[in-house]
Every structure is written in structure tokens, then in C-alpha cells.
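So, here's a batch of structures to check.
Two complexes are shown next, each including subunit A; its partner changes from subunit B in the first to subunit C in the second.
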Partner chain A sequence: MLKPSSRPHWATKSLSADTKTPPEGEIEMGNSKHLGLWLLAPAGVFVFLFFLAPVILTGVFGFTNMSTATGITGGAYMISDTSMRPLRSRYGENELADRLTQKVYTIDDAGLKAALEAGGDAAAIAELGDKFLDQSFDRRRGVETAIKSLSARPSTTRGIKIISAQFERSVVNVRFDSKEDLLVAISDFGIALNEGQTEALGQVAYTGWTFTTQNFKTMIELPDTSKTLINTLFYVFTTLILFNTGFALVLSITTHYMPAGPAGFFRSIWLLPRVTPPVLYVLMWKWLAWDTGFLSVVLEPMGFAPRNWMLDSPANAWTFIILINGIVGASMGMLIFSSAIKAIPQSLFHASEVDGANRGQQVWHIILPQLRWPILFITIYQTLSLLTSFEYILLATDGGPGGATEVWALSTYLKALSNYGGALQYGYGAALSLVLVIIGISVSLIYLKLFDFKNLTAPPKIE
Partner chain B sequence: MRILLDKFTKSFGSLTIIDEMDLEIHDGEMIALLGGSGCGKSTTLFSICGIHKVNGGRILFGDRDVTNVTSQERNVGVVFQSFALYPHMTVEQNIGFPLKLRKETKPEIKRKVDEIAAMVHIEELLQRRPGELSGGQQQRVALARALIRRPDVLLLDEPLANLDATLRLEMRSEIRRIQQETGITAVLVTHDQVEAMSMCDRIAIMDKGQIVQITEPRDMYDNPVSDFVAGFLGSPPIAFVKGRISGGKFVEPSTATKIPLGAKIAKANDGREVKIGIRPEYFQPGSGTMISGKISFIESQGRETLYNVTLPDGTILRSIQSRRSPSKIGDEVEWGINADQILVFDQDGVRI
Partner chain C sequence: MSTNYRRWPTILFLGILTAPLVLMYVYLFVDTITNSPPGSMIPNEFTAEHWRFLTETIPGRPSIWLATWNTFVFATVTTVIVLVVSSSAGYALSRLQLPARSFFLGGIMVLHAFPTVTLLIAIFLILQMLGLYNSLAGVILVKSALELPFGIWIMKGFYDTVPWEIEMAGIQDGASRFQVWTKLVLPQVKPAILALGIFSFLAGWSEFILPLVLAPDNKVQVLSVYLAALIADDQNFDMALFKSVGIFYVIPVIILFVFFQNRLMNIYSGGNKG
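And now, the complex of A and B:
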């Protein structure tokens, strides 16, 4: 492979002569040991872009307070209701906060000029400047009283208001690019700050994101968190035990004892939900469950009022969520377990039959011990995939009714990426996903321990 | 226990593998089912132990008709070709498995396992897993597991096929010793005539799902009912020569050699086209009816040497000699056939 960048562009003229006898170093590129690395490079880029980078960023974001309000780039300094709240609560600077949010009316040159431009009476403005320059008033009414006291005062109230409006001075809701600009403006505003107040103001007035461990404190404090955690564990382990491994085992073992034809047919049927597009699959469940759907129609004559069966109660919602996920999830275990059972030598089944084992004993003493590896694999794989995937819940109940089926991954998604209010908490969401990653890794390690991983990976017992 | 197959028939789909086979195995006897690959030996064995359902006929254990009894309830011990030990169980658990399934108590199982382990000499291996055993040891474990229930019949499917040559010799006598010690009725499936001859009381030789002949090893060797049986037994194998019976003698056409035959056979078949079988040990230098040919192949088998002698028409005679003669390949030799020991078959291969 020729590396274009290694050739200066002014050398193009000699290119044709060059290609016949490329420099040795470049030939080597094409057929040397580096080729493998070159071929891997695109995969490396993808791994970095879509796996490593997001993981690292999530880790970093989890320790910030990023949100729609802070943006993800740097911020500005601003006195606002939002920034004054922590000044009062965290620093106890109530008086300072009051003063900073006050409006002040000062007769100055800028105000006089603006009044002229706004179309105020020129004579009145000139007189106001002469008599009251540099005087301040707490209220607009003060300014207006002053204007009314003038000999050249405007004849209409509107004329007075046009002028008075130009002298309002405030540091509230003004964006300053740096802390220094803010401090200058505050001292211009007539407020002197001591060192502690300067420090505190710098903290609270900053509108950009900062590093913080607040997310994790919030997580522990919010009662929602433990509810979501319990929901998640319930959802993951119920689906896993009942369907992803339990039902998958039942399917693979029963089909093992069936004649080949019906067994294949049966397995294909259980694969169908897997190959149905998730949106359509969930839509079918919704049709089944909603108030004019199949269930309602069938149950109405039996005295059950039509209703949305899926969202009717938390118990119903969970039943549907677990069925929806489990019926899709069982197929993978079924395939893995079936092929693992097929790999057991036929002679072991014959031997156990002759030894007197009935089917149940065969399953217990021969099949299950040989399935330890696949069961471990499926359990870990499905635990992780149940922990992280929330698409079926999002489509089916969206966490409802009333957050009853909101699991950790869904909650993260809602907080960080999709929120009706539009106030997205990137930092908090990242912190939530970080916790999810830690839960996933811990659970996997526990499984490895439970299944006696070292023994499983020991050299094969029969060569 | 006596085992009886009565018009036993087995087919897979439309393909009939065994058609109306009759076989009686005497109590305490060890019988060999001998035959080439694919002739239906394993099928017969699997039907006796109940893994295969039969399509016709009856199978009797003693007086009990077990034709429709499941293998779990037949009380048979089987040693499979691949040994089929349970890889996740220790040797002790493997051997005790049939008893565990019968819910015998732990001490009882332990006692019986120790007893049988001592018999097959694997006492020190009880805590190992099958993967940590040599082929011969696995074989012993498989035997112990098959025997622990004191089965009515012990079935062995090519038990020595997966062992190397020295182990095969050792296990041949071991299996026979254990069978005789326990006095159990046993069926040995094998394609190896040496195994069948050395280990069993009787041999049932099979061809294409049929039992061709059933008798004691020596008798089968000396009096085969057909050229198939004669050809199957003996190593190096018997040589066949075609010719005609004329004037009380067999005439080999290409050398015009005349070999005297027994009076009865000669008289009854005068003028008939036949073939004779000559075993290598009955074609030797120095005595008998001389026939000449060219040495075409010499193979030293250690103690003995095998010579192929080709007659002018291409027919090959074999000679096994304990002393090495100075002959080389290509030499013309004249060696003698022991006329008393030749076997005569008609053109269809049936013994005359």
C-alpha cells in the first residue's frame, strides 16, 4: 500500500516513474506484519468512537452537574433567581442576595441620552440632568416624582414614563463573560463585597457546568432511587429466572425429547417474537391489552369492565412487561441450550437409560450438569442485557402507571435524554448509568463465583 | 440367565436391518457377535438392552418376555464402545450411579462400589474423574458400572476397539476373567475374529443381519459352513483356489496339480466346478501335494513369516512358516498342500 502523505506533493511529476520501483519501505507496508494492524484500524476507530469514548465520557460526566441549563460547553457569570437560591441556602447571604436582586434608579448620562433617543421631552431631560445627576432612587416612583418637580415637566403621564423608564439599573440577568466583569459591575452597582462574599458569588453565579459529587448524594437522598432499584432487580431477576433461563431450559429440554420434525417446528415458533420488529411486537401487545382490545372484548361478557389491562394496575403492568420481555428473551437461551444438549454424546443418554434413569433423572443427572457453562453464559448475558435494555418497557408502559415500571436504564434515559420539561440532566443521567455499569459488573462477578468459574474453565475432562 | 431372541426383527424406517433372527444364549455363557462393520451387531445388542424398540419377534430373559419392557427395567449392564462414562462424575459416582437411581443407601452403595472396584482393580482411582484416566482404566470403570447391579446379562459393544494393542491384550483376558468370576451371561460384539475366538465360549458370526453360523471357536475355524465364515476366521486368511473335481481328485487348472479328496466328497461331486480353501499353515515346504508358483510377497511377522505364492493364472496361495526360508520375491517354489485339511465349497460358497 502506498502511503500518499509520505510523498511530498511536489513529487507528483515523478510519480509514474516511481510506481515501477517504489522505495523499499513502502513495499513492506503492503505485505508485512503491519497489514493486520491496518485492517484492524477501522474496527479500532469504531470501538473508540462508539464504545470507549462514550464509556469514558459517561464516567467523566457523572461527576459534573451538566444539564440543559449549564450547556455542555463553558458558561457565563450571572445574578439570577437560580443563582441567588444557593447563595441564601448554602451561604446564608440573605441580605446580599436581596441587594443584588434589587433594582436601582440612577440619573446618569447614559440614562439621559437613552431618554432623548426614546423620544422624551428634550427640555425636561436637560433640566433633570442639571438638577438630579448622579442621584439614586430605590423605586421608579422616586424618579417620576423628581420629573414631576421639574419646571419643564412633560404634560402627560406617558411623557413622564418614557423618561423614567431609562434609568432602571440592575445586575440581575446580565451575562458576564468573566468573574472580574461581574465584580466590576457589582461594585459599579454600589455594593461592596468582602472576601467570603466574592468567593461565594463566584460559585453560585457561574452558569456553566462544574465538577461535583452532588449527583451521587442526590441519588442517595431521592426516594425514587431505591424504588427504581427495587423495580430493576425485580424486573431483571423475575424475567431471567422465569423466562430467559427457566423457560428456555424447559423449551430446549422438551424439544430434545421430541422427534426432530416437531422439535424444529416448535423451536421456530418460539423464535418468531425475536425476529418481529420490537415496535410492532409491542404494538401487538398493546392491541391485546387496551380498552377496546382483544382482552377487553373477550372479558367483557364475563363481567369485567373494559379497561387498559396493561396500565390498569402496577401488577398488571409488570405481568405484561415480564411476558413481553421473557417471550422474546427465551429464544436465545433455547437456541444455546438446545445446541449444547445436542453436543452431549448420544451414548451418555443410552448409558443412563440402561443404568435405570428415567427422563427426570436424565435431565437432572446428565443434561443439567453438562449445561453449566451455557447456563452461566446465558445468565450473565441476559442479566446484562436486561439491566441495560429498556426499549420494550419504553414502548409498552413508558415506566407507568405512575412510575411503577420505571427501571434504572429507563430512568437514566428519561433524566438524561428525554424529558417532557426539556430540562435534561446530563450529569445526573451519566451518574445513574455509571451506577448501572457497576451493578452489572458486580452481578457478573457474583455469578462467576456461584458457578465456580475456575472449575468450569479447567481443561476438558474427556479428550 | 438364558437370553432368547425369537424371530427378532429390527428396521429403521423402511430399511430392515435384522430380519427374523433366532439366537439362544445359554446361562453363564459368553457369546461373540462377530461380523463386519454395518452388519447389524450393535443394532442387535441395543435391541437386547432395550435402547432400540424391536419391530417384530420376541426377546426373552429367562422366561420373562422383555420385548416391550423399557431398558430402565431390563436389568442389563452395557459397556459402550466409547465407554460413555459421565464426565462430570467421579469414578465412584459413575460406578454407583445405577444404585443411586435405585435409591439404595449411601453406605450400601459405598460397600458395593468398593467391592466391584476391587474386582476390576481400580480401588485407587475412585476419586478421579473420567478425564483423568487412561483408556484401559476407563474401560475398567465402564465394566464396573455395568456389573454393579448384578445384571441378567452383560453386553459389550466393541469394548476393545478404542484401546491400543497392548491394552487390548490385557483387557481381553481381564474381561474374560471377570465374566468367569461372576458367571454372568455375556454378549460381546466385535469385528475382530481374534477377540471373538480368544474370549468367548461360542461365536455367532453375522453377515447382512443374519447369523450365518453359531458354534465354538475351534469348531468354527475347522468346520466353517461357508466360504464367508472360512474367510472371516484366521489371520492371515485362508486362500481359495478354483478348479474341478475329477476322478476323486481336485484339479487345479493352471498347473494341472491334482489334490486327493476324501472319498465321500469326491464321489458325490464328481465333475463339479468347486473351490477349495487352504489355510496358510497347511501350505508348507517339504510335504503334501506339491504345487509350484512364484513368490510374490514376503512379510515378516516376527516369529513367523508370511509368503504369498502366485499360481500361473494369478490365484494366490498363502503360507505361514515359522522358520525363515532363503527364498526371495520372484523365486519359483514348489511347496506342498496338506490334502487332509482342505475345505471344499461349491460355487455359491456353501461347504461341501
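And now, the complex of A and C:
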């Protein structure tokens, strides 16, 4: 770092114009190797936290049964109806399950103390302790019979019930932080477990998530999966061919044959859907399709009953989905193809006109060959984005009617993050996303091959 | 261009294709200030009633001004983070000797192409674990991170076009590389910073999925989520109200689009998700 006094003339001059402050603190090194790492570090932190970690965790979560029921930070151990079901069915421990879910009434010091605090008759409680300490009863009636047998028995039924209620002992629906705590409680409860039972109980009583390959089995077995897959392929390729490349070509070629004024006008109009926030853009389509919307009002005199044109049939839903996504997608192709066409030397067009070529021949022999690479670029790029983005479908049809427009990416969202389906299945959703993540990484790597990578990584000239 | 051909057929052809889109946008504006009789699309009166949401809070929704403020904070802070991090990382990748430089470059390129929305579930769980779920800070960090590969890539591209001679001269005058960057190179890429800034702001302002999943709470709700929730509520269906909220929401976008259309066209064709 230079001292201010030795600052060269250019530095003082540009100092006032420069409003950017250096990132965190002064960097003291002239060595640009370290400077580079410093400048890259913040980006590295972001990339690690929100790219690398999520990629890895998607893989990890995909192999868990994580859901709203299991929580995400690990769980507790609990005896409950839910956890006893697998104990009976998977381990055949019916008797153990019965005993664990039973309530037991034991006359102990803690119970006696609690009975006093609850306002029970002191003399009766003292006598109960003397005569029945450490005795257990299967039912509350047993305790109450014992109380009634006392000489200092309370005069009212309520007095008896206040005392008897304090001796109920149960391990059901109590959360234990560790397996050891649970086992201690069970042995205090008077049940001795053998090794196999301890193992089984540890498995079934755990409320947190566990590792499993079940998600992938479910994915293969469910008929929904293949339907979603077919939907996805249909959606991606139809939109891609008709709009993202097809209509984009139409837009760029027609505006090419126009004076600059109208060309700019049309390009701006067709860029609007990309600039319009998705929520508002889809709202316009909903207005068009709603049962009191534009189409219904305009088509009613022609004998079509008003209806929600977007959701009344799968075919209509798909038409809208493809239009909504395709028009946004087409604008990107339009811009890229237009600039590629602009790069074609004018002389080529003039020469071909002199030779008597018509417009169709110009398009076929001059324009399209020039667009080969841009078309490839758009195809790969848009395949990936159509495959993974679900924003517009979510807003427009939410996968409806009846799941007809549910694509893979949307289904990951609906399974894992949308409240409508009841419990959120994070694990299953992550497993579904993992498929997309793997496709995403593979296609992104193809990019590296397609770009002129050596050129991009030419070494710096000052070292 | 190609003056030998008649122009009006192409203009007519594209005009017909464009008409429905124009119609949708025209009605988007018209419906917010007029009423039409039932069963007709032709307005018969002007009204300001669809804009009443500006003064009275819609039941069950946060105040529109709170949502606007949240959106503003979200878009602005995201933009600042993206600009600071991208302009430094972009410079490092463009000009500085780094260990494993080609690995970093390749990595940024892969990240740029990678569809980030697939990571949503994992990011949701990470924010839950970090305790940043349902907070603006959390969703700002995520949005900035997801914009970064694009930002770094764009900035690197712009730095690449700055002549080396400028830096050589700076070094010869005794400046450090850091000074060369801040005092000489950054002023050269001001247009890039402006373009990336506008783009990031618009991206933040329009973002829907991330706030929907990561910060849906009324207190931190942004306008996109606010509007979507309004539309999804079957109890109060009022298309004109939705459109008015939508127009209110989109005002900054319109302003930026009108003033910076050409810059945006350039940066959009540089490739972004969608």
C-alpha cells in the first residue's frame, strides 16, 4: 500500500471521482496472488453456502425420510400410537407394545407429595403411604378401592379422585431427548427389555428423520412419476420447438426485414413479458381466461358458454402453459438471433438480391446457416431452464386440472414446500430434485465444452 | 434493409401476432381506472375505487406500504451485494494471477448455466437450520448468491474489454494492483456496473419463488408474494383490484425499462434464467 504522500498524480486525480470503497478493510499486499484470493473470497463464501452446500445436501436429504413430521434438526424418542404400530407389525412385539402403552398406578413418594400439593386429605395420604407404599395397580379403580379401605378415607368421591389421579404413571407421549433417557424411564416403569427389544424400540420410538432409500423406490413405483415425466418431456420439447426457437426465429427474421422503427417497436413489445414480473404477467393471462374474463365475454355471443378457459380441460391448460412460458422464452431467442443476423454482412443480402433470390431463399441460404450456433446455444440453455423452472405453471394452473400440467420441477415443489398437500415431504422432494440437479450439472458441464474455454482462461498479462 | 422487398406484409403479419399481447397490456392499464358493465369489455365509467388499497389495508393482508418497503429493501440490498461481490470477483478472475484460475472460471461458468431453482428445497432447509427462515436477511442472502454467477460473468466480460495499457501505466507509476483496480479500472466499467445494478434490482423486484418459499410471513412479505396471495384468495375475487395492485407493483419496472431499455436488451441477451 502506498503512503498518501507518495501517491502518484493519477491517483489523487481519480480519487474524488471514485466513490467505490474497497471491500472489508484495507488490503496491505502488493502481491496480486493474495489480492486475487481476497477479492474472490466473498464470492467463494456465497458459492459455498448457497450452491455447493445445497447441491450436497440435496443428495443427502434425498436419502432421508425428512418431513414436517420428523422435523429437520433431529428428533426425540417417544412411545406413542404411531411408534407402537411398527413395533407390532415389523417386530411382532405385541405384548411389549401393550405393556408400554398401559397406564400403571403406583403408590410412591412422588405421588404422595403431589397428592398433598393437589389439596388431598393429609391424614388419608399419610395412611395410604404407610399401608400401600410401592404397590402397583393396573387401573385407577384399584387405587381408589385402596383409598376407600383406609380408616382416614376422604368423605367425598372428589376427595378420593384428587388423590388417586396423582399416581398415574405412563411412558406414552413423553418426549425423551436420548435413547438412554427413554430406556431409564422404561425400566423405572417396571418393564425389563431384552437386547432385541431395546434395539427395536430405539428404531421405532425415534421421531426424527433417518436415512433410507425408500424415496427412490417410491419414485419408481408410483404411477404419478411416469405421468409427470411424460408431462415434463411434452412441455419442454413443445415449448422449446414452437416458441423458444421457432417463434424466436419468426420474430428475429420478420423484424430483420423491417425498417428500424417498427422493428424496435415489435422487439420492445415482445420483450415486455420477460420484464413483467411473473405474478403480474400470469395475472394478465388469467384475466384473459377467467370465466368472466376476456375470452368468455367475447366468445359468449358465438355460443360458447363462459368458463375458465385455462382450467376447463387438460388440452386448454397445456395451451395456456405453453403460450405463457413460450412467449417469455421466445424473447431471449429473439434478442440473440437478432444480433446474430445483424452480424451478417449486408453485402451478402444485396448480392443475393441481384442474383434474384427471394426472401425465403435468403432465410434458408443466408440467415439460417449463420444461426446454427445461436440455435444450439438457445436449445441447450432453454431446455435446462424449461426443465427446472416451474414459476409460471405454479402461478397459472398449479399443476391442474387434476395434475394434468404437473411437471417434474413443480412436483418437487408441491411435495416438499407447498402446504396444500398436508405434511411436507422434504426427503422425497429432495430425491425428486436430485434428479434435476444431476441433469443440471451434466448439461452445465456441456457448456464448458461448447465455449472456447482456452480463450476465456488466457493468463493475465501483468505478472 | 432489403429495400427490394415490400415491407408491409411482414409488418402486417407480425402486427396481427402482436395484437393480442398489446391488448392484454392495454387492458391491464385500462381496467385499473375504469368499470365495465357485466358481459362487456368496453368501459363505461372512470373510477378510482380499484386503487383504494393504497389507503385502506385489505383484510388479512399486510399493509401495501409495508410490502413495498420490504420489496425495496430486498431489491436494493440484493443489488448492492451483487455489485460489490461481482465487481471484485470479476476483476480477480479477469486480471489477476490466481492459483487454479481456470478451475474458478470453469466453476463460475457451470454455476451460471446451472438451474439454481433445483436447490430450493435444500436452501429452504439450510435457512431453517441457520434460523434465517422467514427473514428478509435470509432471502436477501440467497437471492444475491443465486445472482452472483451471472453478475461475476458479466463483470468479468466487461473487465476483459478494458485495455491492459491502463493498468500497465498504473503499475509503472508505482500503484499497487489494488489501487489500479479501484482508481483506474473501476471507473472504466461504470456502464457495466450501472447495467448490472439495474438488472439485479429488476430481478430482485420481480422475484417470486424465493420470497414465497423462504419468507412468506406477513411481516416480511414482498409485493410479488402479496399479489399472488391476493389472487389466490378465492373469497375476494376482484380482477380490477388485482390489476391495480399489479400496476402499482410494476411502476419501478416500467420506469427502469423506459429509461434503460437498450442496456437491458444487451444484458438480457447475455443470457439469464427464464
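FYI, the second predicted complex is superposed on the first by the 358 of 463 C-alpha atoms of A that agree within 3 Å, B and C clash if a C-alpha of one lies under 4 Å from a C-alpha of the other, contacts with A are read in each partner's own complex, and residues count from 1 in each chain.
Definition applied: a residue touches a chain if its C-beta (ideal position, glycine included) is under 8 Å from a C-beta of that chain, and two chains touch if they have at least 3 such contacts.
Keep in mind that this is a model prediction, so the values were computed, not measured.
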item: Which of subunit B and subunit C A:Val55 touches, first, second, both or neither; value: second
item: Which superposed partner A:Pro369 touches (first subunit B, second subunit C, both, neither); value: first
item: Touching partner for A:Ile336 - first (subunit B), second (subunit C), both, neither; value: second
item: First, second, both or neither for A:Tyr206, with subunit B first and subunit C second; value: neither
item: Partner, of subunit C and subunit B, that touches more residues belonging to subunit A; value: C
item: Partner chain in contact with A:Pro345 - subunit B first, subunit C second, else both or neither; value: first
item: Touched partner set for A:Tyr77, first subunit B, second subunit C, both or neither; value: neither
item: Partner chain(s) touched by A:Met258 [first = subunit B, second = subunit C, both, neither]; value: second
item: Partner chain(s) touched by A:Glu353 [first = subunit B, second = subunit C, both, neither]; value: both
item: Common interface residues of subunit A - those touching subunit B in one complex and subunit C in the other; value: 353, 459-463
item: Residue numbers on subunit A that touch subunit C, as the complex places them; value: 1-2, 6, 8-11, 14-15, 17-18, 20, 22-23, 27, 29-30, 32-33, 35-37, 39-40, 42-43, 46-47, 49-51, 53-55, 57-58, 61, 66, 72-73, 250-251, 254-259, 262, 266-280, 283-288, 290, 292-294, 297-298, 300, 327-329, 331-332, 335-336, 339, 346, 349, 353, 359, 362, 381, 384-385, 387-391, 394-395, 409, 412-413, 416-417, 426, 429-430, 433, 436-437, 440-441, 443-445, 447-448, 451, 453, 456-457, 459-463
item: Residues of subunit B defined as touching subunit A within the complex; value: 46, 49-51, 70-74, 76-78, 80-82, 84-88, 97-98, 101-102, 129-132, 145, 149
item: Residue ranges of subunit C touching subunit A (in the complex, touch as defined); value: 1-2, 4-5, 7, 10-11, 13-14, 17-18, 21-25, 27-28, 31, 38-41, 84-89, 91-99, 101-102, 104-107, 109-126, 128-129, 141-142, 144-146, 148-149, 152, 164, 167-168, 170-171, 173-179, 181-184, 186-187, 202, 205-206, 208-209, 213, 224, 227-228, 231, 239, 242-243, 246, 249-250, 253, 257, 261, 264-265, 268-269, 271-274
item: Residues of subunit A touching subunit B in the complex; value: 345, 347-348, 350-358, 361, 365-366, 369-370, 459-463
